[in-house]
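Pasting the structures here.
The following pair of complexes shares a single chain, subunit A, combined with subunit B in the former and subunit C in the latter.
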Partner chain A sequence: MSNYRVIFEDPEQPEQPAMVLVPSDNWLEEAKAGLLPPISVYWALQDDEQQAIAEGRHDNFKHDPEKHAAQWTAPRIGPLTEEEAIEYLIMKDIPRHIWSVEYNRPMFKIVKTADVPSDRQFRNAWRLAA
Partner chain B sequence: MSTIRADTFENTAGGAPTLTGLYPARAWCFWDDASAIQQSANVSSLTNNGTGDFTLNFTNNMPVSKYPITGSCGAEADNGGVYPRSVTIDPFTFTTSSVRFLTVYTQATTLTADISMVVVHA
Partner chain C sequence: MATIKLQGNASGSGTVILTAPNTNSTRTITLPDTDTALISGAPVVSTLNGTGTIALQNDTGVSSVTDIGTGKYQFNFSSNFSTATYYASGTGSHNQSVYWEYLAGNHQGGQQDNTRTTSQCKVGSWNSGFVDTPSVGLMASE
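Right after this comes the complex of A and B.
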């Protein structure tokens, strides 16, 4: 099991409690084995999809086959440490406006798994401490 | 009868193959009440958005923006009949890279289940 979790808030959803990103062990193993494509492969797919959403054609959206296949065919980036893999995962799975824009307080934090409460009481009141 | 022995199947472009007449799952995930992923395939992470509110992020994006998902959830102990009973998908949150859903007790109440699981086809 990963030693880390990522706690983040979305400035576009101020009523939303702090969210917790939990890495998959299988994915972490792939990252450590050097099996991941460059992050730009995922960003290219995200860009195409965002454009389809903006143009109102997302209902029937289908990825360009070559760009989609790049997830498997692009040269691999090589083995990552667990810490590097978590940074990669943030850029892949957390919306870009949360980690790429500087706000007046941190919008995400990488924390030890043991530091996240296992008790889910008051879960919808969780906030990211400054 | 023939036996096929291979380590990897891929299409001519190097991507995921089409298996004529076969429709395997594209991703699946099984997690506990602390959102720890117990087992998964093609899942890079799970986001716990709040009580009974999750986003599943895929390792490899789905080829299309709409795809079927099935899920179930439950509790190990009957807490006076109060436990989540179904997985509800938010139809506005489908993307090729992730999907958001709720584990639901009643129409307006979400709860975190002891175990939850979803399977994705595309």
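Right after this comes the complex of A and C.
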């Protein structure tokens, strides 16, 4: 199990409690083995899909075959450490406006797994501590 | 007569090998008459424990899961599907005080997230309100 979790908030959804990203162990092994494509491959796919959503044509959306295939055909980026893999994962699986824009407080934080509360009684009140 | 052309890649240096199965029969693979990649997103079969510190249990085709809040989880895929109309079914089992409840009655399961994208799909667990669930699953494929 990964030593890390990523806690983040979405400034576009201020009522939403803090969210927790849990990495997949299998995916981390692939990252450490150097099997991932450049992150730009995923961004290109995200851009195309977001545009389709904005233009109301997501129901029939289909990725460009070449861009889609690049997930497997693009040159691999080489082995990553677990820390580098977590940074890659943030850029892949957390919405870009959360980590690419500077706000007046941090919107995400990489924490040790043990630091995430296991008591979920007040889960919907979780906030990212400064 | 239409022809088949095998094309190398000038940028790479590896060797791609097509291997035959161990068979005594003649097999025919018919290619589609369309411009498309034969590769598609890998099927996703994943489960997580939605109680305590959220943990993935099976993570085939998943790069991460997002704990969104009580009873709400999002599976993020290792690779994007080619289209947003892929099949996705979320399930969950909810531990009542005296018995295990399956996908029936007042529990939501077997649902398909209408907001899913090619890279993620949400699964919720509902019992009069969203509730944390000890076993949440997603199966998705195209």
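Rule of thumb we're sticking to: the second predicted complex is superposed on the first by the 130 of 130 C-alpha atoms of A that agree within 3 Å, B and C clash if a C-alpha of one lies under 4 Å from a C-alpha of the other, contacts with A are read in each partner's own complex, and residues count from 1 in each chain.
Note that contacts are C-beta pairs under 8 Å (C-beta built on N, C-alpha and C of every residue); 3 or more make two chains touch, one makes a residue touch a chain.
Keep in mind that this is a model prediction, so the values were computed, not measured.
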Combined model on subunit A: subunit C and subunit B, fit or clash: clash
Contacts of A:Q16 with subunit B and subunit C, given as first, second, both or neither: both
Partner chain(s) touched by A:F61 [first = subunit B, second = subunit C, both, neither]: both
Touching partner for A:P75 - first (subunit B), second (subunit C), both, neither: second
Subunit B and subunit C footprints on subunit A, overlapping residues: 1, 16-17, 19-27, 30, 42, 45-46, 49, 58-63, 65-66, 68-69, 71-73, 89, 92-93, 116, 118, 120, 123-124
Subunit A residues within the subunit C interface of the complex: 1, 16-17, 19-27, 30, 42, 45-46, 49, 53, 58-63, 65-66, 68-69, 71-73, 75, 89, 92-93, 113, 116-118, 120, 123-124, 126
Residues of subunit A that touch subunit B when the two form their complex: 1, 16-17, 19-27, 30, 42, 45-46, 49, 52, 58-63, 65-66, 68-69, 71-73, 89, 92-93, 116, 118, 120, 123-124
Subunit C to subunit A touching residues, read off their complex: 11-12, 35-37, 39, 48, 51-56, 59-60, 62-70, 76, 78-80, 82-85, 117-120, 132
Footprint of subunit A on subunit B - complex, ascending: 10-11, 13-16, 29, 31, 33-37, 40-41, 43-51, 57, 59-61, 63-66, 95-98, 112
